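Chain nomenclature is as follows: A, B, C and D, assigned in order of appearance, with residue numbering initiated at 1 for each chain independently.
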Amino acid sequence: MSHNTFGNLLKFTTWGESHGEAIGCIVDGFPSNIKIDLNYIQNKLNLRKPGQSKFTTQRKEDDEIKILSGVFEGKSTGAPISFIIFNKDQRSKDYGDIKNKFRPGHADYTYWSKYKNYDYRGGGRSSARETAMRVAAGALSEILIKNTEYKKIKIDSAVIQIGSEKVDSLKWDTKLINQNPFFAPNKKIIPIWEKAILDHRKKGSSLGAIIEVRVSNMPVNIGEPIYQKLDSELSKAIMSINAVKGIEFGAGFNIVEQDGLTSSDPMQINKKKINFLSNNSGGILGGISSGQDIVFRYVVKPTSSVLSLKQTISKDKKNTTISTKGRHDPCVGIRAVPVGIAMTAFVLADLIMINHSKKI
Amino acid sequence: MSHNTFGNLLKFTTWGESHGEAIGCIVDGFPSNIKIDLNYIQNKLNLRKPGQSKFTTQRKEDDEIKILSGVFEGKSTGAPISFIIFNKDQRSKDYGDIKNKFRPGHADYTYWSKYKNYDYRGGGRSSARETAMRVAAGALSEILIKNTEYKKIKIDSAVIQIGSEKVDSLKWDTKLINQNPFFAPNKKIIPIWEKAILDHRKKGSSLGAIIEVRVSNMPVNIGEPIYQKLDSELSKAIMSINAVKGIEFGAGFNIVEQDGLTSSDPMQINKKKINFLSNNSGGILGGISSGQDIVFRYVVKPTSSVLSLKQTISKDKKNTTISTKGRHDPCVGIRAVPVGIAMTAFVLADLIMINHSKKI
Amino acid sequence: MSHNTFGNLLKFTTWGESHGEAIGCIVDGFPSNIKIDLNYIQNKLNLRKPGQSKFTTQRKEDDEIKILSGVFEGKSTGAPISFIIFNKDQRSKDYGDIKNKFRPGHADYTYWSKYKNYDYRGGGRSSARETAMRVAAGALSEILIKNTEYKKIKIDSAVIQIGSEKVDSLKWDTKLINQNPFFAPNKKIIPIWEKAILDHRKKGSSLGAIIEVRVSNMPVNIGEPIYQKLDSELSKAIMSINAVKGIEFGAGFNIVEQDGLTSSDPMQINKKKINFLSNNSGGILGGISSGQDIVFRYVVKPTSSVLSLKQTISKDKKNTTISTKGRHDPCVGIRAVPVGIAMTAFVLADLIMINHSKKI
Amino acid sequence: MSHNTFGNLLKFTTWGESHGEAIGCIVDGFPSNIKIDLNYIQNKLNLRKPGQSKFTTQRKEDDEIKILSGVFEGKSTGAPISFIIFNKDQRSKDYGDIKNKFRPGHADYTYWSKYKNYDYRGGGRSSARETAMRVAAGALSEILIKNTEYKKIKIDSAVIQIGSEKVDSLKWDTKLINQNPFFAPNKKIIPIWEKAILDHRKKGSSLGAIIEVRVSNMPVNIGEPIYQKLDSELSKAIMSINAVKGIEFGAGFNIVEQDGLTSSDPMQINKKKINFLSNNSGGILGGISSGQDIVFRYVVKPTSSVLSLKQTISKDKKNTTISTKGRHDPCVGIRAVPVGIAMTAFVLADLIMINHSKKI
């Protein structure tokens, strides 16, 4: 039973609403005596923070994170680590209209139907604000991985498509990714995306995105068959992120166009090392990492909150329209990038611990 | 910690290897006093059974299922229900070569690396044979759903693409689906797929498939945010099926080509009923069913076992080749259809019970 | 995997150290739309609060509880409920000596050994201060029970023995229990316990206690065999409370002196109602409540922190002595009473929800 | 959610009814590549087997155990290990009377009330026959422990009281324990217990027992605070055994008669090793093993099935009497000894794996 908890041996539980007093997260199962660098965590949060460029929402969230327990004299104690961020810039007047109307594409209608009572302000619990806490938990799990024998694991992620504009090279300039407002992996695409986003913002519309994650220096053996496969756990993790509509590994949906002669990755011994000659599998065989790079992609739908009028209904079941006037991301997929990295890191840390527990 | 168990309130645990003495499954958490029709379960298994047409493997598996506990005088007792199928047609000589070589695209290498000792015969634990037990558990959960207020829920699933040949209509002839060897939803595609598969078999190759699942008469309110969302749980379930490389809901990856004006589904009151004017969301908002049809697709890679020679390595780390001579499916995606239905039914039954537990 | 989480469908996770900035608790799985009376919860906390009489520690803990999420407009939303208490009266100088020495009977040595790094101030994570959060979670689960068909369930608990002085009657004056500093169920014992405790405090010593819990108006059917039996879950819950060394149900350890003719409780129909003629079982048969009162007892060891010198060792493995000068309870068992009630209420609420989920 | 599953990282799930076709157990999470000696497991089962002496039931159960999966070429594969025992000597005519009447002290009434449909033959699912499977799972976990650095852990258990007759020495002759029909730890008590049991059998009655468990060569650090404490997990485990009414650790309930000067165990350095000068704690401090012997006791009520007539009611709610004519243990506590050892071993193996997973 997980509800608001993710993970197995390593677990995090998030709480808090977008316009409540605070949001927070408890990480449990974290080993003791590991140095915790709060700046590292804060920097990860800053990557997700809105208001950083004109291509994301102008809403200001300080996202200043605090640790309330589980760390003593700079190191983890093995006790639960409690993170908190107090909400500051709430401007709840922006959201007045949604008290009585359901925003299409949002969870307003289903929360109202399921819970009868819900905090509708800014999406409340269903707001993407919750993902700030995933970033904190993910940063912590990266610190954990860096303290294991698998310290070389490296997780890169970039936006590879916005609207219909795709990145046209498989080569990534990984240093560039965090230095442009789109998490783009190459320079050429940047002006194209700038134009597309500004055009859509002008129209009162928004755009979707496809994000790719690449994990390099992966060890073999991570993942637990049959119902804790690495790809299965990553899918659960990524699909729980707001607005994600699909995920694919390796060759993904395109593998249907291949045949059995080419789709499985041949193996070769080269200088006593095991190599694969292709990576259609995305680095996972039978749910267990093969030592190749883990590669997967997920799609984030266009921001549902747009300025233009949309047809909808009210809580008292009348036909009406709604225009969401708040400060919204023109392409919410961009800010999903650090969240996807965080969830990936968390899944890996958890499965690494599980794998380790068997080598007794 | 799930390992070989799937589910929360309702759970199933599978055990057994492809060429072991038997395979089995324990379903726990099943309510008492529900009539259990073993024929219904056996019929579901027969849909998955190999050797039914020339388009699936010619291996014979009787798949005759028995219940060893949890049912008394024809009705469930609330105690764990234990299913067993004894393996008969094992012909292990077919598999001799894989004792020492890794089949590309299979889990041989990762199981060998992770477990040191594994049953390599016919894939052992990583064989798709395990999915027979998911079908049994899924059939049981369908029986459960039929005993709730949600008895009208209907799960249809069809193959919509094999290789590069797609079904060209969104309309399904649902009666046809179980009456053709491809689980095709319309007649026109059948001869096209026949030819494609026979061509590939002749070449010693195989094909991939895309499968769509549609759940109609869905109630609203099923799914638990934030980490037990309906789409997140379904993704975990489907991605745990052998050879699945991706999943998408509603408009799926194509939603990236839409914009925020069209991607969110408008709502309307019509004769006092709530309607959505499109279904890009695939019937799920914020992780909770909206009452629309649940729609998702997943891709199954081409069968990795093919007659043609493939480059690989041996356990003693030498370069070699392998040709898998066994009786294999030319398109393993076809037989995934009943497995996908089973996993969908199980996820729904489990989340229905969880939702019910809160209405106290 | 539970670590710092208790419960199944309904769960709570506690965090925080005795002398950290705050302690807190997340309750997850709580149904929506239930009125939450914070005063009710605060009053329960006040019963556990130290410094209330000369028979408990003089340490002042305001224990003023706040809710940070999950409640909107006075009612639960179905989202996680986050409780927090900021620590005020920490006076950490009281605890200086324990930085380098292990207090016998405390968790100092095992935490040091297991975690290498731990917050030793006031016991840190292993302090009974953590139980304040159990009381909050328990109060919430009482509110939940009151909103079900089982609203008449009543949990009473009293101290029935301090040191070697036992209450000599089975009849309880339940109104008296919360009106005396010992949670004594009858008046006669009060002056006896007063004297015993003051005597021991003077000697720099402390006393143990036995506590009984009685749950009346219990419905039948609560508890899930085989590994979620009502008595098994209650034992896990109660034995997790600091300083508890044993638990027994119904006739308990004394049942060994009975024989099979008398130990099982005869049943009788009386005016169409089912009666039991005795309650040796403590209200539980086969792990399921029988409708009789649930009756169990648990023992709390004497407070390990005493003024008198005790032999111990230091972290650098030298023989030494320690006298714990802080403000300690002369009989910590007294303040366990509200904690035991809270854990009982939580177990019942959780198992009630599980039982309800099957009646689909 | 555990229902019929016990454990966390290492788990077992039991299924089957006393008079069904078979009973079984799946052990999941067991590490791979460990030699599995089926004789070792069978020998453990033989210790629990009925019909071995005139002091246990004369019912014959062959209890011949088989492994159906998870072991390949004599070693574990990391896949689920499936145990099965086919039921042979069922003689269901013995149990005819209980179809319509509730046996006092048994789970008949609560199962009937909760499940509406249950297998009443021989207790069905609530029968102690289920514990055979715990013994198998426990034996497997002993094999696991023997393959870790903690291989010296030794679990002894003996009956220390039957009826009112107690063993009068704390010294145990551990070799004797398995060589007498009572699991008595010293010779002197044997004729006394023989007489007591034969006397009670003659009267158509039965007796209760107290059992002690001692775990020696325990490492420090096993157990996870706050809600997975070693004592809490052991209590949950032991209290789930049929007919157990209480459990206590170390000084147990008698600690209430001690005071704070003596109840906590002083520590001392002796030849550079850490010693405790007493063991009132039972080897556990703050839920974590301290390196001392784990010591606990539990009480098993007298067999509820006796020849003498007892007052009860029928399913159609009439007053009646019942005499249980089957072949029953005159003191069911005796056969609980191997079950208690098995549950102890399982808890230790699981917590050892959890502890190990953190040392990453």
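As a convention for this text, a residue touches a chain if its C-beta (ideal position, glycine included) is under 8 Å from a C-beta of that chain, and two chains touch if they have at least 3 such contacts.
Keep in mind the model is a prediction, meaning the values are calculated, not measured.
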{"item": "C-D compared against B-C, more contacting pairs", "value": "C-D"}
{"item": "Euclidean distance of C-alpha centroids - subunit B vs subunit C, Å", "value": "46"}
{"item": "Whole-Å gap separating subunit A and subunit C, where each centre is the average of the chain's CA atoms", "value": "40"}
{"item": "Subunit C-subunit D separation of Cα centroids, rounded to whole Å", "value": "26"}
{"item": "Multi-partner residues of subunit C (each touching 2 or more other chains)", "value": "1, 3-5, 8-9, 14, 29, 32, 78-79, 114, 125, 225, 354"}
{"item": "Touch-based graph of the chains, sorted into line, ring, star, complete or other", "value": "complete"}
{"item": "Subunit B residues within the subunit A interface of the complex", "value": "1-6, 8-9, 14, 102-107, 109-111, 113-114, 125-126, 130, 161-164, 200, 203-210, 220-221, 223-229, 231-233, 235-236, 239-240, 242, 245-253, 255-261, 263-269, 272, 274, 277, 280-282, 285-290, 299-306, 308, 310-313, 317-319, 354-355"}
{"item": "Subunit A residues touching subunit C - in the complex, by the definition given at the top", "value": "1, 3-5, 8-9, 11, 13-17, 20-24, 26, 28-29, 32-33, 68-70, 72-73, 75-82, 114-119, 124-125"}
{"item": "Parts of subunit A lying in touch with subunit D, wherever the complex brings them together", "value": "1, 9, 29, 31-32, 78-79, 144, 147-148, 225, 352-354, 356-360"}
